[in-house]
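First up is the structure itself, then whatever we jot down about it.
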Amino acid sequence: MIEEQRAIEAILMVAEDPVEPGLLAQLLEVPVERVEQMCAELAESYVTEDRGFVLARVAGGFRFQSHPDLAPYVERFVLEGQSARMSAAALETLAIVAYKQPVSRAQIAAIRGVNVDGVMRTLQQRGYIEEVARDPGPGQAVLYGTTRLFLEKLGVDTLDDLPPLGDFVPGPEVVEALEQGLRPDA
Amino acid sequence: MIEEQRAIEAILMVAEDPVEPGLLAQLLEVPVERVEQMCAELAESYVTEDRGFVLARVAGGFRFQSHPDLAPYVERFVLEGQSARMSAAALETLAIVAYKQPVSRAQIAAIRGVNVDGVMRTLQQRGYIEEVARDPGPGQAVLYGTTRLFLEKLGVDTLDDLPPLGDFVPGPEVVEALEQGLRPDA
Amino acid sequence: MPYAVATPVFEGPFDLLLHLITKEQVDLYDISITRIVDAYLAELERMEHLDLEVATEFLLIAATLIELKSRRLLPGRDDIDLDEELALWEERDLLLARLLECKTFKDAADALNRLASAAERSVPRRSGLEDQFLTLAPDLMAGVTGEKLREAFLKAMAPRPVTRVLLDHVAPIRASVQDAVEELVDELPRVGVITFRHLTQDLVERLEVIVRFLAVLELYKSGLVELDQSGNFADLTVTWLGEQGDDDASVLDGVTPMVEVEEYQG
């Protein structure tokens, strides 16, 4: 297999969203038509080999998906194989979004002291948080807030119904994290 | 290709973490040995076909990964640096936890000759180490061990796959040099 | 003679020692107290902001080394008794064992780092469930209440624990650096220039001498004294740079304690 085609497989394997052919063309430094052709060949080869996955064209991009006729197995995996409880990391992240919204990923990462990309993605996939605005500053960071589904799950009407924080005063490094997140070079 | 093997491909395509062979065996209703064999065959086929991805055995489970020799393309695509580099202090502390686990903070501090509270907290926040037990002795000190994520980061299946500590014990010439250097009588 | 340690930042006192002994192949026979102290002070200079914890550890290891090497310097130490001699060897063996252990894990850490670097070249797939399966996924918010959310928030926002200096791996010392600093600030302005031998001639315990030495280092770091040594094993001369004869306690304000925990209890 030629290197560019292998590179497409590698990129699509790690991509979290469909990847547009234009972006692939740019990364591989080949014309878009060539990308389309290589992707078509790859998709064809998976069909020929009767693989359990397909290369699908979705929302203007390419992505790997499980083969539709294996859905029963994937469903069993979802039902039996996934942990049903929210991790402490996810709960803390969700709590920060709930009480500090609108808030950027960088700000949350600074408060929690760890990368929160994976946790944020899960929360977003489950529909508990969503993008609500953009930071007006130079970075234009995406700002997140909680969703209606979040309120429903919690059984409350509005955010004002969340338990009050009382006379809570954040630690100095938290204040710094919140301030830094709003600076352009943060 | 047989259905069970295709089902493994489909499940691994949607999994976010390495999937244990035991779980695959349960979902597919086949013996674990069969799962191991089918996964080995799949991994082999990707190599034979010179695919841009691999089926890796990591941290006790199977997962899809981009092929290492395509790292230059993947790096261009994955914009954010995967993870910040660890300091030498963090690495050495992590090595002690890895080889001495379960181990207390005081034991690690004694080996390193410096206080390790800050480093341990960072390692814990990053998810590389966790509390695994309490010392049954009078102090009831918290004992630490490494996590699955640690194995994932190192790309190994189990702790047994780490190079043995004996490989790193200094040879006689180093011992001699140190001994010379610390002779009190000039 | 400025003694430059041209290496990356040392993570701790053992790093520095290992470097001095193995990397440069410097025989400690040839390292006078001045050279050790200079190496140590050079390290402090290189620290962009003074890390109390690391400074403390450097001081303690320097003290141990000085214990090993200092008998010639100290007054009345020519007739060391056998017990003390044996104790010193034991201490040396302990230090040696710790250096070997430290080196072992340092090399192990390098190996783990190489594994991690190799693993990094292969990126895992983490795109997760396709949309049609999301509704099947267990409801992660089951059991999550407003109160739990509030607790999680407070936990995330809580100030992180303050770093403490653990001393349980250090030989117990019953002395206070702060006291020694105060004594010196009282004594030095009156005498101006004095040798370290003179400064310590009344002291009985070796550890008291070491604590005095730490105190001198603190004053040096604060710019209140100058240190001089003419050659190997020559007397260390301490020169007061503060105001002459002024025993106003306010000079102490200029002394930023490098040693956070000053009381060493046995």
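Note that the chains are named A, B and C in the order they appear, and that numbering of residues resets to 1 at the start of each chain.
By definition in this document, a residue touches a chain if its C-beta (ideal position, glycine included) is under 8 Å from a C-beta of that chain, and two chains touch if they have at least 3 such contacts.
The model shown is predicted, which means the values in this text are computed figures rather than measured ones.
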| query | In terms of Cα-based centroids, which chain occupies the most central position? | reply | B
| note | Computed over C-alpha atoms, the centroid farthest from that of chain B is that of chain C
| query | Between B-C and A-C, which chain pair is linked by more C-beta pairs in contact? | reply | B-C
| note | Distance in whole angstrom between the CA centres of chain A and chain B is 24
| message | Quick check: how many Å separate the C-alpha centres of chain B and chain C? | response | 31
| What whole-number Å value describes the gap between the mean CA coordinates of chain A and chain C? | 44
| remark: Check: chain A positions touching at least 2 other chains come out as 10, 13-15, 64-66, 74, 78, 112-113, 118
| query | Considering chain C alone, which of its residues make contact with at least two other chains? | reply | 123-130, 133, 160
| task | Please name which positions on chain B make contact with chain C in the complex. | result | 12-16, 53-54, 56, 58, 63-69, 71, 74, 78, 82, 86-89, 91-92, 94-96, 98-99, 105-106, 109-115, 117-118, 121, 152-156, 162-163, 165, 167-170, 174-175, 177-184, 186
| Hey, which residues of chain C end up touching chain B in the complex? | 8, 11-14, 18, 20-22, 25-29, 53-54, 57, 61, 68-69, 71-72, 88-89, 92, 95-96, 98-113, 115-116, 118-130, 133, 160-161, 163-166, 168-169
| note | chain A contacts chain B in the complex at 1, 3, 5-11, 13-15, 19, 23, 27-28, 49-53, 64-67, 70, 73-74, 76-78, 80-81, 112-115, 117-118
| field | Of chain C, residues touching chain A in the complex | value | 123-130, 132-134, 136-150, 152-160
